Structure formats: C-alpha cells, structure tokens
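What follows is chain A paired twice: with chain B in the first complex and chain C in the second.
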Partner chain A sequence: MVPSLIIYGLINSVALALIALGFSLTYGISRVANFSHGALYVVTGFAAWLLLNRVQLNYYLAVFLAVVLISVIGASIYRLALIRVRGMPLLEIIVTFALGTAALEALRFFGFFGSNYSLPPLFRGGVTLLGVPVDTQRLAVVVIGGTLVFILWLVTHHTRVGLAFRAMAQDEQAAMMLGIDSDLMATWSLALGAALVGLSAIVLLPLSFIATESGANILVSAIAVCILGGLESTAGVIVASLLIGYAQILTVAYLGPHYQMIVALLAILVTLIVKPSGLFGKQKELEERV
Partner chain B sequence: MKMKTFRLLLMTGLAAGCVLLAAASAFSQQKGQPIVIGAPLSTQYLYGWDAQRAMLLAVEEINAKGGVQVGNARRPFRLEVLDTRDLEPGVPLSEAMLVVEKLILEKKADVLMGGPVRSEAALAAMDLISKHKKVSILTTGSLTPAYHRRIGENYSKYKYLFRITSEAGQLAKEAVDLFESLKQEHGFDQIFIMVQDVAHARAISDIVSKTLGSKGWKVLGSEVYPTGALDYSTGLLKARDQKAQILFVWMDHPEIAILVKQWKDLKIPALPIAGISSAVEQPGGWANTDGAVAYWVASPANAGNAPSNATPLTMKFYEAYKKRWLVEPEGYGTSSSYTAVYVLADAIRRAGSLESDRLVAALEKTDLIGVYGKIAFDPKTHQVIPSYNPKEGAVGTWFQWQDGKRVVTWPATIAMGKIRIPPLMSPSKGATK
Partner chain C sequence: MARRLERIDRPIKVLTDDIYALSSIWNMLYVAVPRIFPALLVLLMPLLSPGAYGERVVIITAIYALLALSWDFISLSTGLVSLGQALFFGVGAYIAGLLNLHLGLSPILTLALATVLGASFCTALLAPCLPLRGIYFAMTTLVYPLLIARVIEATAIVGGTDGLVGIDSFPNAWVETYLVLIFLLGCGFGLRRFMTTDLGLVLRSISDNDQAARASGVNVTSHKLIALWIGAALGAFAGAYFTHLYMFVGLSAFSLDLSILPIACAVVGGMGTLAGPVVGAFILVPLAEMLRDLGTLRIVSYSLLLVALVLFKPEGLLSYLKRRYEQVERWVEV
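== the complex of A and B ==
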C-alpha cells in the first residue's frame, strides 16, 4: 500500500501543480485573480476535441492550436474586459468569474455535455514501479509537470520578458518608471496563464474526459494550492501541491474517499485563518507581522 | 327602418357567430386538446436525455395513430420537458422542485412522467406532487427503496405516485444472484465495493454487503465517493492489494469513465461489475473509453436498454429507437420511459378520463406486456412488479462489453451470451477461457 501511496500521491501532486501554475503566474505578475481559470481548462479540452474529431487535424497540431487559441482567449480577456476594471480586485474577480461561467453555460447550450468527449492519451502502455503498475500517461504528467516548472524558472530568470514579469511582480509602479508597459505585461500574464492551464488540460484530460462540470473543481483546486503556497509564489505552488496532493491521497486511503473534497477547502480555510499570505507568499506579510 | 333591419341582422349575426365559436371551442377541446405530459428531467445527463427521447418516440407513435381515446374523443399527447439539473453536482434540490411546480402550474401538465431523476429530488417532490393531486410515473433515475416504501406507508397521501422502473432493493437482489451464479461457476467469493455518495447507491452497497456477508462472501471494502470525484486510483489499488475477485461499482455520474480507464491502466485483476453506471451503459462506452470498458458488466436496469428478446416488443422498440435517434437505446430510463407512455395511454383509455383518482384506479389495474416484460404495479406501493420471467413481471438486464458490443449475459431467461473473465485474472482466481 505504501509504494502506491507514494507514487500516486506524487502524480496527484504534480497534477495539482500543473493546474495551479497558470493561476499563480497570472496573479503573480498582474495581480489579477483569474476566476475563469477552470473554464479555460474545459474550453481547451473541447477545442482540442473539435480540432481533432471535427476538423480532423493531426493530434499534435490539434493540441498545439488549442493551447495557442486558449492563450489568445486569455489575452483577449485582459484587453477587452479586464483592462477597464484593472486595479479593482472585486470587479476583476466578478468579470473573470462571469466570463468563465458564461463560457461553461454556452458549452452546455451547444450540447457539450455527457461523457462522450475525451482526448486520446499522448502516450500508451505502462510500467511497474515498486510493484505498482503506472501507465505512461501518468508518468508523462510528472515529467511534463517538472519540465514546465523548470522552463518557467528559466523564462522568468533569463529572458527579458521574464525579467519584466518579475519586475512587475515586485513593484508595478517602479517597473513602469523603467519603461515596462504594464498593460502589455498583464496581457502576456493572462495569455501565459491561459496557455499553462491549457497545457495542463491537454496532459490531464486523457486520464478522464472533458466535462463542463470539472471547471469548478479545477478552479477550487488552483485556488487552494495558490492560497496555501502563497498567491504569487511558484515555489509555494510546488510545496502546496505536494502537501494537498498527498493529503488527498492519504485521506482517501485512511479516512475514505468521501472526505477527499474537503481537503482542498480545508487548506484554504486553515491558511486564511493561520497565515493569510500562505507558506511563501509576501502579499500580506506586513499586515501579518503588525 | 333600414337601420333597424341592419341592427337586427348584425345582432343575429353576432349571436350566431358566438354560438358557432363556443361550439367549435367545445368540439376542439373534446377532439384535439392535447394531453400534456410534464417531464422533469436532468436533460444534460444520460438518464435525462434518453428518457426524453424514449418518451418522445412513444408520443410520436401514439399520435401518428390518432392519439389516445379519452371517453368519446381522441386526443394527442404533448410532451413538455423541463431541465431539473438534479444530476449535476452542486445544484440544489430546490431547482428540481421549482421545475416540478412550473410543469404543474405553468405548463398545465395533466400527468407527470420521468423524474425528478436524483433519488433525493424525487423524494423531496413527493409531497409537492401529492399536494397538486397529479398522477406521476417515475421512469428513470430514482432508485431509492424509500420512494415506494413511503407510498406504502401513507397510501392515501401518495397514491398518485407510481414507479415503473426497477428500484435499489430489486437491483441489489439481482446483483447478489448474479454474484452467486459467478461463485458457483468460477469460485469467486471476494468482493470490493465502490459506490457514489447518493441515496440509492449507498442503500445498494449496504444491502449487497449484508446479504453477501451472510452467504459466506468476503466483503473486502466498501468505499463511498462524492459525486464528481475525479480519482479512484487509491480505492482500485486497495482492491488489488486485498485480492478482490469482483469489483462492484455503482455510480451514475459520468466520472465513472475515469474509473473505467484507471481500472485498465492499473491492471486491476478483478471482474468489474457496475450497476447503474452511465458511462458503462451507453452504446458509446467503448469508443469513449478507447476500449477500456472491455469485460465490464453493467445493468441498465430494465430489459430493452440492451439488445435481447425479452418480449416480442423488445427488439421492435430497439430498432424504432435506433431509427429515430440514430443510436441504440442508451441506458437506464430508455425502455421504461417508452413503456410508461403506453401504460399511461392504456390507463387513460380504461379510465375514460384524466381525473386523477380515476387514473390511479386504472393504473393500479395495469396488466400489459411492455418492452421489458409484463407491467403491473403493486397495489399498495405502486412499484412495478419485478420478475426474472418476462411473462410474469418486469425483467432486469445485465450485459457485458464484449468485442465492442453490449451482450446481455444475465438473467439466464433473456441472456444472449455468457460472461467472459478478464485475461488478467489468473486461473487460480477462477479465470476461464
């Protein structure tokens, strides 16, 4: 039992990190809590499905175009809607939540419901690790998740755009004084955040199926990870994903699957009470000290 | 004088017109006023849309033959469907209640049919429907034994409510009988249970656990998953580690498709038997799971939801549904919803009225052969009477996915093939060729 808990706990944790990375990146740079995050995940799945099954594109081209499309949608959300309410956090949340809900309801309206929509796995076959069978797609989740975190670190530390992102994250007004276009960077952050959640959809959806109902779950998972880890911290996302991922697996194993859903919600609640800035967050650190 | 004559003529003409209009209205009411069937269904889920399609098919067939005889007039059916969303996770039951009330008050439904689909919603709607004295025939979704038990305990209040489809107690009995037959044939006696956290599934888990325990089975575990759960790996690995021979699953949410895929990916060496489990029941189950559903056994509750020759009407319905909707009957709720419209037409004809008390009396005397056997209601609980023999009662059906097809394998009276054991199960565990 222990090896399977270790292996599947890790897979669950990396899946959570994949889901939360985009949300954290967008918030870290632009301070926009993108509540359409779950909807973007679902839309990517359906876009890839349509390109694959209706347009009959090659699999890799279909998923690539789906990710590009979702990043364009992410950028459009900022340019067309958020730019008008920038700096008003409550309105930003309302706008993104409304857009996400509208997108999911529109999908339902056009008949995208039921369990008829699924993406084929990127990789087939499986291996046995420590006596536990693991399919290649799940191993790919771990590898792709790790690679994405590394690429994100490279981009934010060794490219001009990445450095501009970090400057924005540290002090937006100072960054603007240095000639960094705040709106452009925020647009990029929404686009990148959307691309990341789109990528997570492409990697994770072959393990399940595409369902509009999962939008809410994805959003809650992303928020739970980001609040526990610290809203703008990539390191926090990784640590929080491991904590919540393993807590979920252990809960299922020893308390029963019925309580699995509570873990993420409990993480949000406890963090907000004990340390509102999260494990690695700096957003409310000063208020906490005071 | 001229003016007087004109006025007289005008008055006479108007009076004659009024009489003619009144007569025409009365005539049309008697002749063509549709009988409104109000269907509260969770239309974005299998057990909602398949019921809707099946009812519409029956309504179209009956209307094409001139409608239903009500006293001296023939009247067509009209189907009014509203979405209850009660199968969706997180949607409050009050939504379904509002829909039921809307069907009664706004859509002026003469009879309710179909749902609410979720057991909890169906139970909650009992008082509301009874308050309006509307006859209701449950055809899909709600399986909780509490439904017909309540009718039996308070007949005078709930006498307007009927259920034409199977219920958890009967399905649990069928499951246990199926397991016993597998025990006899293959020596299986170890089972692991995974169910969804809904009333009927929990009831089935309890009944099956207790009954199998008393019959010498080892119930290795019984896990309850929240609606919408996305990961089942831990439960599956528990089943594998404890050497379960049968994996008994009861989940009506679409997320069971994930469990099916994980069962295959994790190479769980146990025969998977699912009860009411949407993604496994559907004709598209094979394609949707990329073939992972091979060897899965499932019950879409009533015969006719998978191909068999239970009655002479079974394949007739099967082909008609396929022709109308370009898909095979899709799962639980299909054959029962289709049959319910015919049962209602028969009861209205015999009652000669849409008056609720007369309809109740007529429905209680129902005795006809439907798609899944003889249809008759228990006079005290208004639950359809079950049987393994289609000539004696409503017969259930259990099929297995074999080579991309749904092959009915149980009960023996309507079986079209035998259960195959997954190759992963070693001979010592009772595997057969």
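== the complex of A and C ==
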C-alpha cells in the first residue's frame, strides 16, 4: 500500500505540475489568467487524434504539428482578442473563459465526447518498482515533466528571451523602458503556455480518454496548483503540485474517487482565504487585499 | 479638413434634469416614457406571447434577468466581479426544494424563506473572501458552485446526482407568471433608486476606489457584505422560482451555464446600468431558446457573441440608447 501510494502520488504530482506549468508561465509573464487553459488541453488532444487517424500522419509528426498548432492558437488569442482588453484582468478572464467554453462546446457538438477517442501511448509495457507495477507511459510522464521543468529553468535564466520574460514579470513599465516589446513578449507567453499545456496533453492523454468534459477539471487543477504555489512562482508550482498530488492520491485511496476534484477546489478556497498570494508568491502581497 | 463628433445634451434633457416642478406634459412624458414603457411591455409580455411555451420562455427570461441584475448590482456596488452566479441560484433552488419536500411548506413561503436563508448562506460562504479583489475574488466565486456540486455528488446528500423530485408547483398559472415579473420590476426600479440613497452612494464609492473609501472612514467590508447579501438574495429567489417552476432541482442548478449567460446579458445590455442587464436578458434568453434545436451550439454562439461584444462594443445597448435619447451628435470642424 505505502510504496504504491508514494509512486502514484509522485506520478500524479508531476502530471499536475505539467498541467499547471503553462498557466503559471503565461500568468507570470503577461499577467493574463488564461481561462481557456483546459480547452487548449482538450483541443490539442483532438488535433493530434485527427492528424493521426484522419490524415494518417506519423506519430511524431502529428504530435509536433498539434503542439505547433496549439501555440499558434494561443498566440492568436492574444493578438486578435486579448490585446484589446489588456490590463483589465476581469475582461481578460471573461474573454478567455468564453472562448474556452465555445471551443469545448463546439467540439461536443461535432461529436467529440465520450470514451471513443484516445491517443496511443508513447511507450508500451510496464515495470515493477518496489513491488508496485507501473506502466512505462506513467514513468515517461515523470521523466518528461522533470525535463520540461529543467529546460524551462534554463530558458528563463540563460537566454535573452527568458531574461526579457522575467523582466516583464517583475516590472512591465521598466522593461518597456529598456526596449522590451511588451505585446510581443505577452504573445510569446501565451504561445509558450499553450505549447506547454499541449505537450502535457500529448503526454497525459494516453493514460485515459480525450474527453471534452475534462476541460473544466484541467482548468481547476491548473488554477489550484498555481494559487497554492503563488501565481507567478515556478518553485511554487512544484511544491504545490507535490502537496495537492499526494493529498489527492491519499483521499482517493481512503475516501473514494469522487473526492479528487474536491481536494483541488478546497485547496483554491483555503489558500485564497488564508494567504491569497500562495506559498511562494511575494510580488502582489499588498495589492490583492484591501 | 479635420472634423470631430460633438455631443450636446438635448434641451429637453437639461430642462427635465434640473427643474423639479415640471411644467409641460412633454417634459413629464420625456421622463416617464423610458421608465413606464418597458415596465408595461414586461407586464404585457405573457399575454402577447403565444401559448404555454411562450409563457414559459417569458418566465425563464425573467429568471435569467434576475440573475443578470444580481451580477450587475454586485459589480456596481462593490466592484467585485462574480463568475459564480450559479452559487446563489443553486443554493436558493436547493433550499426551496428541501423546505418544500421535508417541511411541506407552500411554494410562496419557501420562496421567501429560500431568498432570505439562501442569501445569508451565500454571504456567509463568501464573507471570508471579501477582502480579496479582482481576479482572486472572481476565482473563489467560480470555485464555490463547482465545489458544492462535487460535494453533493460525492456524499449523496440532498438527493445526490438524482436531485430532488416531486416538489410542489405554483397554485395557478397567474401566480406562476406574474410573481416573478413583478418581483423583477420591483427589484429593477428599487435597486436603481437604492443606488441614489446615501448607502448606495457609499457603495458606489467603494467600487470606484476602496482605498479612498476606507481612508474616509467607511467600513468597507461590512458595506460589501450588505451589497453581497442583496445580490445573493436576487439570485436565490431566481433559483427557488426555477425549482417550483420545474418541480425538480438537480446538480444542473450549479452549472456553468448559469454563470456565463447573466454576464453575457449584462454585457449586451450595458454593464453598470442595472436596467441594461434586464434588457440584455430579454434579448439573449429568447434568442437562446430559439437556438435550442442547435444543442450545445447555442452555448458556442452566445460565448462568441459575448467575446465579440466585450472586444468591440463594450458600451452595451442601454448606454447607447440612453446617449441617443439624451444627446444630439453633430460633426464640427476643428
């Protein structure tokens, strides 16, 4: 029991971190809370499915095209819509949320729901760790998740674009004074956030079905992790996904599967009431309370 | 030749603004018509709309109009934006259903009790989040309906996923139709009047700049509680009404649909005008009913409409009409 809880808790935590990274990155750089996050996840899944099964592409090509497509969609959400309501957070939320809902309901209308659609796993077979059977795809989730976090850290700390991102996150006005194009960076942040959630969809979806119903759950999970960790902190994302990931696995094991989302929702509420800036968020500590 | 659009108040607008002893019948009509005509239209609507289905659409429209009014009142008087009108609606709906099923109270009594109890319950839930602002408050309101729906699903209390069935309906069709319409008109005009009272002005100052209001010695949190209670009461009434209308309450009372459509109505009609969201509801909800054959595509259509309006015409229909009614426009050379 205990080894299996530890292993599956870790896998669940990394999955949560993968889902939340894109949301956190976008919010951290451009202050856009992308409420179409869950919809982007589902859209990537169906795009990859269509490319694989209707266009009959090679697996790697299909996956690559799906991720590129979703990042183009992310960038165009900013360029075509968000740019007009920039700086008004509530309108940004309403716009992204409505766009996400529209995409999900459109997919449902065209018959993309239920358990008929799934992506093939990247790796088949399984291994036994500490006496617990684990399939290779779940191990791949952990490895890919860890690699992504590392690459993200490298990019944001050692490239010019990454440094510009962090400058935007710290002080947008000062960054603009130094010649950093705020709109361009925000477009990039939306595109990168979308690409990250697309990648997570490619890695995580083979473990279950592609379902439009999961869009809301993905959004709630991402928000839960980001709120608990602090909205702009990558370290916060990692710690918060470990906390929520293990809490979910424990409640599922001892109370039942219905409680998985309740843990995430409670995490959001309790954090917002007790410490709205989250565990690691420092920058907005004063502004968010009256 | 450079030109610009100049807007000047109409003479009659200026006259009726400042002089309180109105002299001519035209001046009185100028003030009265925009208030009386829509009210009469709302009251006559059940008679004008054909058959039982038409009346049903009018009632549902009024229910959504109440939700939209509640959303607009909360955002106007506290500056908080609620993404979870479904919370008020669902809590009111479930309280009405439970009171009717377990205590056997009559629908009129459950409506009143559900409004008061539901508003108090929602206010108590949201009270710890009141110091939050902007996107943080919006997120808590988004989370509550989801959370309550999951808890009901997981613990199977109050009927679980099956919901509550066998709830009494209204005593007759006249009560069923006119109770909600009269309540809607009363709330609409009452809240507009309320915003001009001392308390209303203090609330508006809080939504404009809460720091300044606090610096002037206003207890921001307790005022927000009052405003939230009033808004929640409207939403809870709408939910309780819906329960008795359909004689059923289920998890759909907490669905996201109920949170998005009121916002869309407010954006169409004009945010911050209180009358605008009601106008928006009377446009959007019948439209959504007509599109019912399209299935989920109607959610797609009004989500996209909402986006388009927010991006390109954020002013809203009512603000536009008000401007045309009160002002003349002309091009002048610069």
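Please note the rule applied: the second predicted complex is superposed on the first by the 285 of 290 C-alpha atoms of A that agree within 3 Å, B and C clash if a C-alpha of one lies under 4 Å from a C-alpha of the other, contacts with A are read in each partner's own complex, and residues count from 1 in each chain.
Keep in mind that, in the parts below, a contact is a pair of C-beta atoms (placed from the backbone, for glycine too) under 8 Å apart; a residue touches a chain by one contact, two chains touch by 3 or more.
Since the model is a prediction, treat every value here as computed from it, not as a measurement.
In the superposition on chain A, A:G256 makes contact with both chain B and chain C.
Of the two partner chains, neither chain B nor chain C is touched by A:G146.
Residue contacts after overlaying the shared chain place A:R138 against chain B, while chain C stays out of touching range. In the superposition on chain A, contact is made by A:N12 with chain B only, not with chain C. Using the contact criterion defined above for the overlaid structures, shared-chain residue A:R108 touches chain B and also reaches chain C.
Within chain A, the residues touched by chain B in the first complex and by chain C in the second are 108, 216, 256, 258, 261. Those residues of chain B lying in contact with chain A across their complex are 44-46, 49, 88-90, 197, 223-226, 228-235, 237-238, 241, 254-258, 261-262, 265-267, 278-279, 282, 284, 288-290. Against chain A, the residues of chain C that register as touching in their complex are 81, 83, 128-129, 131-136, 138-140, 143-144, 146-147, 150-151, 153-154, 210-211, 214, 220-221, 256, 260, 263-264, 267, 294-297, 299-300, 303-304, 306-307, 310-312, 314. Of all residues in chain A, only 33, 81, 84-85, 89-91, 93-95, 97-99, 101-102, 105-106, 108-109, 216, 220, 223, 227, 256, 258-259, 261-262, 265-266, 268-269, 272-273, 276, 287-290 touch chain C in the complex they form. Across the complex, chain B is touched by residues 1, 4-5, 8, 11-12, 108, 113-116, 118, 120-121, 126, 132-133, 135, 137-138, 207-209, 211, 213-214, 216-217, 248-249, 252-253, 256-258, 260-261 of chain A.
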